[in-house]
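Below is the structure I would like to discuss, written out as structure tokens.
The first chain written gets the first letter, and so on, giving A, B, C and D; residue counts start at 1 in each chain.
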Amino acid sequence: MIIVMTPDHSPEDLNRVIRRIEDLGLKAHISKGEHRTIVGAIGDERVLREIPIESMSGVEKVMPIMSPYKLVSREFKSEDTIIKCNGYSIGNKKIQVIAGPCAVESREMLEEVAKAIRPLGVNFLRGGAFKPRTSPYSFQGLGKQALEYMARVREETGMLVVTELMDPRDAVLVAKYADIIQIGTRNMQNFRLLTEVGNIEKPVLLKRGMSATIKEWLMSAEYIASQGNENIILCERGIRTFETETRNTLDLSAVPVLKRLTHLPVIVDPSHAVGRVDLVPAMAKAAIAAGADGLLIEVHPRPEEALSDGPQSLTPQQFAKLMEELKWVAEAVGREL
Amino acid sequence: MIIVMTPDHSPEDLNRVIRRIEDLGLKAHISKGEHRTIVGAIGDERVLREIPIESMSGVEKVMPIMSPYKLVSREFKSEDTIIKCNGYSIGNKKIQVIAGPCAVESREMLEEVAKAIRPLGVNFLRGGAFKPRTSPYSFQGLGKQALEYMARVREETGMLVVTELMDPRDAVLVAKYADIIQIGTRNMQNFRLLTEVGNIEKPVLLKRGMSATIKEWLMSAEYIASQGNENIILCERGIRTFETETRNTLDLSAVPVLKRLTHLPVIVDPSHAVGRVDLVPAMAKAAIAAGADGLLIEVHPRPEEALSDGPQSLTPQQFAKLMEELKWVAEAVGREL
Amino acid sequence: MIIVMTPDHSPEDLNRVIRRIEDLGLKAHISKGEHRTIVGAIGDERVLREIPIESMSGVEKVMPIMSPYKLVSREFKSEDTIIKCNGYSIGNKKIQVIAGPCAVESREMLEEVAKAIRPLGVNFLRGGAFKPRTSPYSFQGLGKQALEYMARVREETGMLVVTELMDPRDAVLVAKYADIIQIGTRNMQNFRLLTEVGNIEKPVLLKRGMSATIKEWLMSAEYIASQGNENIILCERGIRTFETETRNTLDLSAVPVLKRLTHLPVIVDPSHAVGRVDLVPAMAKAAIAAGADGLLIEVHPRPEEALSDGPQSLTPQQFAKLMEELKWVAEAVGREL
Amino acid sequence: MIIVMTPDHSPEDLNRVIRRIEDLGLKAHISKGEHRTIVGAIGDERVLREIPIESMSGVEKVMPIMSPYKLVSREFKSEDTIIKCNGYSIGNKKIQVIAGPCAVESREMLEEVAKAIRPLGVNFLRGGAFKPRTSPYSFQGLGKQALEYMARVREETGMLVVTELMDPRDAVLVAKYADIIQIGTRNMQNFRLLTEVGNIEKPVLLKRGMSATIKEWLMSAEYIASQGNENIILCERGIRTFETETRNTLDLSAVPVLKRLTHLPVIVDPSHAVGRVDLVPAMAKAAIAAGADGLLIEVHPRPEEALSDGPQSLTPQQFAKLMEELKWVAEAVGREL
């Protein structure tokens, strides 16, 4: 950590800063320049991060050198993490597509979707049991019943179940049915929920918060990892910007950035990012080209009747066509679908 | 709701849209222009919001006319809501300042702060028992013990307790000790938590989500109100923007916007918004001038030793000076402190 | 255009609105709902846009139905515009890559780059003569001399010249040397400059403003087109967001959005968007997969000596590798490089 | 400047960095930590900023210590700059309000406004002669004629003229008529225009770019100052964010931030920031409370007939009421109106 002193700091100010650093077991390295005196704190700067050095007299600013996360960093573990999940893997050459309806609306519609997409090589079925809806008057999901329907469809088709956990009180229930537990964008910094899934032995799909920096997102992953669960899949799903043509702005550059910073697999959800079915195929292809390890795509048999997210759901026919197109892109970047 | 048809829609497309509207008990009003045909849905458009009309064939876009929230809207209740809280009120002529440390670190420091600020006319003491920290390695709060310290200080000083609830499992516990329950910025769309506090008979201080639009914020208030608890205080605390000189960008125009849209009281937290103690006084004064009903300000006896948010905490001396200055501004806009 | 009246408007308010609409030659269509009265203005709403209807008594809000641009809209011209430029085309099956240094630093370095990239199938050479630099103390470009170097390299290699115009006073000079005139991100709303290039018979490469919505960007294109020059290439180059890992956030969803809204070709500049050479290849591939018609890529023989934008410039070797990879992606989406 | 080396850099990499620093006349100070080696460049780091050190082999990142601007910094000149302008001052105890119509539409309306606001103590009359309009089909201003009308009204009323310069070719003309030359938000990084006004002996009112950081804004001021003109007034006018209730988000915290960083006076334009007349008074008061040295407010005799910005223009009556209210707020913060 670099501590920049104000031009008018006193010798006592400097001494206090040095003492504080040394008291924490780090070494202080002073460098007096023409315009500024700088103190370098040498050692594990993470202990220093907890100390409000900026509040000390004579300190102008503090500049961390190291990333605030550790377990999830590429520096800590250089090889890619491959998530194993009941016979399937996420993070290796094969791109996994997780598809299905936004919400499980009935057993019939879930089966209809599953049967339509299973033959296309889709191994993971998504479906919401508990739905975080902006309006209290909107459909909130079928809850436990939806989980049971998903388990039933798993038996029938062999597809694994990906579903969202919203409330720590449902953790045991959801963990019983899900193969991968999703943490939604609005809960990326619900630290209690992160701690909860950190203690469950199931892979976690961690969506990026709508206005989370990549650093904050990795800190949320660190929360989970710090509890012992390192099976984390990061999912870019668009960030909030001033542009209104799309629901959010899909930040595809997050994919190569994350590949540098972390060993965890990265997937992309184009459906929630753009919010418009006509843009989903282009962005799904771009995600693969950018290096994503997988996709999360909403499919509904009759979008115009969907109880949530209709405007961004592909029909099974549209989805089949997209899977065909994705194959070529995957191959072009040395992957397979 | 206005439904704009595509230029090339078929008569069947139009008929299907009309039928859908009428099936929901609304009336359809068609208006054929030179470039577009438009369908107005007349009646309570909230039922229509749940239907993915945009997914219907021949529909270009859908434009809602009414706000998606109801109970919290000024249209539903025109006079200002004044929150009564054990003898004090929020939302009338008197501006309430809620002050105290970010986190309760010990009983001694809490008492020290309380005794320093109580004589300045501060009726509400803030203090975190459960802290949402970005890093799993940071101080997470003293939990139940902090609540007990706060209750003790309430007895000693008469100050009311404002503290954050992070987890629905702590709702009963926090409700037992708090006079006002705070929902933090990261939980503004934790819908389960909102439902929980909607069922508690205590006022709720609802902070704006870091990237929440004013509309989404009011929808979160509506969640609480829809459960029966209409004692909601909105708290602007800065939004996320590209500017990095301040931690967030304090959106003071939200104050007069909210005064138009809702009957709920609005307060401002300049400390979290700017994240720098040197900017807090200016923004506190500006908040009052903009029409805020109160302030939330962090005060710590020794910011350079704070376990969280040191750089944005005022010392009691700085706070006393600010209170003096605020009096003049409050008077200038016809309020009192 | 839809005009929503306030709940408490008077009959005179409504009459004044109707009269205003009819005075402009449009028809007013009134629709009285349970909660609101709505006036639809039927006819060419563009004339209405210039009138501050929102300022009229009794008006709550105004909602336009049509896009504010015309000539550049897909509705006005449904088939794709293909820009012809001295024997090369932009906007058809072949993806054009425009490459070269940020600034022309000397004749030698320009020739060095050109000779390295020409054999890779690059037909357009970019190079800055006038450089918009954030600091007045930075290298501002070689000006006219740079233009002459570029013209010389065009003669030697057959590559066409793409260079930026910053000042209307340089329009004649730049037009004399350039094959495509670039309008930079900071000048996207320099309306005088837009008017100037609208009157030149050379294709214009219009970069998106750093915080421009897609709608504003198309309005800037409309400025150029309204002067008679419809040879406009749109270039997405990243927008400003809160994320700091990348210089800007590349908004690739703008590509399919634009393909819907306009007939103009769309290219992508990954170099400026990400600002880091290690991310350029991934984003270049993603851009092609998203449907871009071309790329703008910075190449410098020795980035560590570049006078501007070194950190985002590929070496010719890195660029050659990327061109190889791009070929596969282009083919995968039915294009060629 | 601090240069952080990658964990795997070679001794040659480090030597090359050191040599580069020393070649520029600076001293290199090496500090080897447990996780990283750091090089501090001691001396005037501004020369280093022009060198792409990040592109050198073995370099992880570069962290500047000093601000990139100099002449406009508080460090360079500690006392406040007070702009003298034909007998009036901006930047001292007295708050100056610059008011008038968005665009000069006719001589009559300009006189009407001037005569209404002059008796309220307004010394500066704003009015657009050249208007930067998003649409090429909108009213673009009366040009030279508007300037003449403004000069005439100056003679009649003694009010000073503030008007925008959009094009370097109009610099001589505008300088002839204006007392203060405004550079609009869309031209904040029109570096040629900045250079032009840097060479004129008239105060410049520099509006913040819609998506400009405070640092970039000060760099634009530095452009002007570097040409010799240090009479610069900074004007905050709202930044672009995701919030759509207001046209832009007024960043009032920029006022105290700037007061720290620069000696230049800072004023606020609430009209353009919010874009809605009902919010202007609250934000004008907040601006004064936050420490602004002045205000820029749009006033139009009949906003519902305005040729531009009607919805955000106050009537003279509304403006008179606001001036009354502002007096109290100014006094409350030790200023006068």
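Everything below uses one rule, namely that a contact is a pair of C-beta atoms (placed from the backbone, for glycine too) under 8 Å apart; a residue touches a chain by one contact, two chains touch by 3 or more.
The shown structure was predicted, so the numbers you read here are calculated from the model rather than taken from an experiment.
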Of all other chains, the one whose Cα centre sits farthest from chain C: B
Chain pair, A-D or A-B, that carries the greater number of C-beta contacts: A-B
CA centroid of chain B to CA centroid of chain D, Å: 31
Chain centre separation (chain A, chain B; CA means) in Å: 26
Inter-chain centre distance, chain A versus chain D - centres from mean C-alpha coordinates, in Å: 39
Sequence positions of chain B contacting 2 or more other chains: 211, 240-242, 244
Parts of chain D lying in touch with chain C, wherever the complex brings them together: 46, 49-50, 52-57, 68, 132-139, 166-169, 186-187, 189-192, 195, 210-211, 216, 219, 222-223, 226-227, 240, 277, 303-307, 309-311, 313
Residues on chain A engaged by chain D in the complex (per definition of touch): 2, 4, 7, 29, 31-36, 38, 40, 42-44, 63, 65-66, 75, 240-242, 244
Chain A-touching residues of chain C, taken from the complex the two chains share: 211, 213-215, 239, 241-246, 249-257, 260, 273-274, 278-279, 282-283, 285-291, 325, 328-329, 331-333
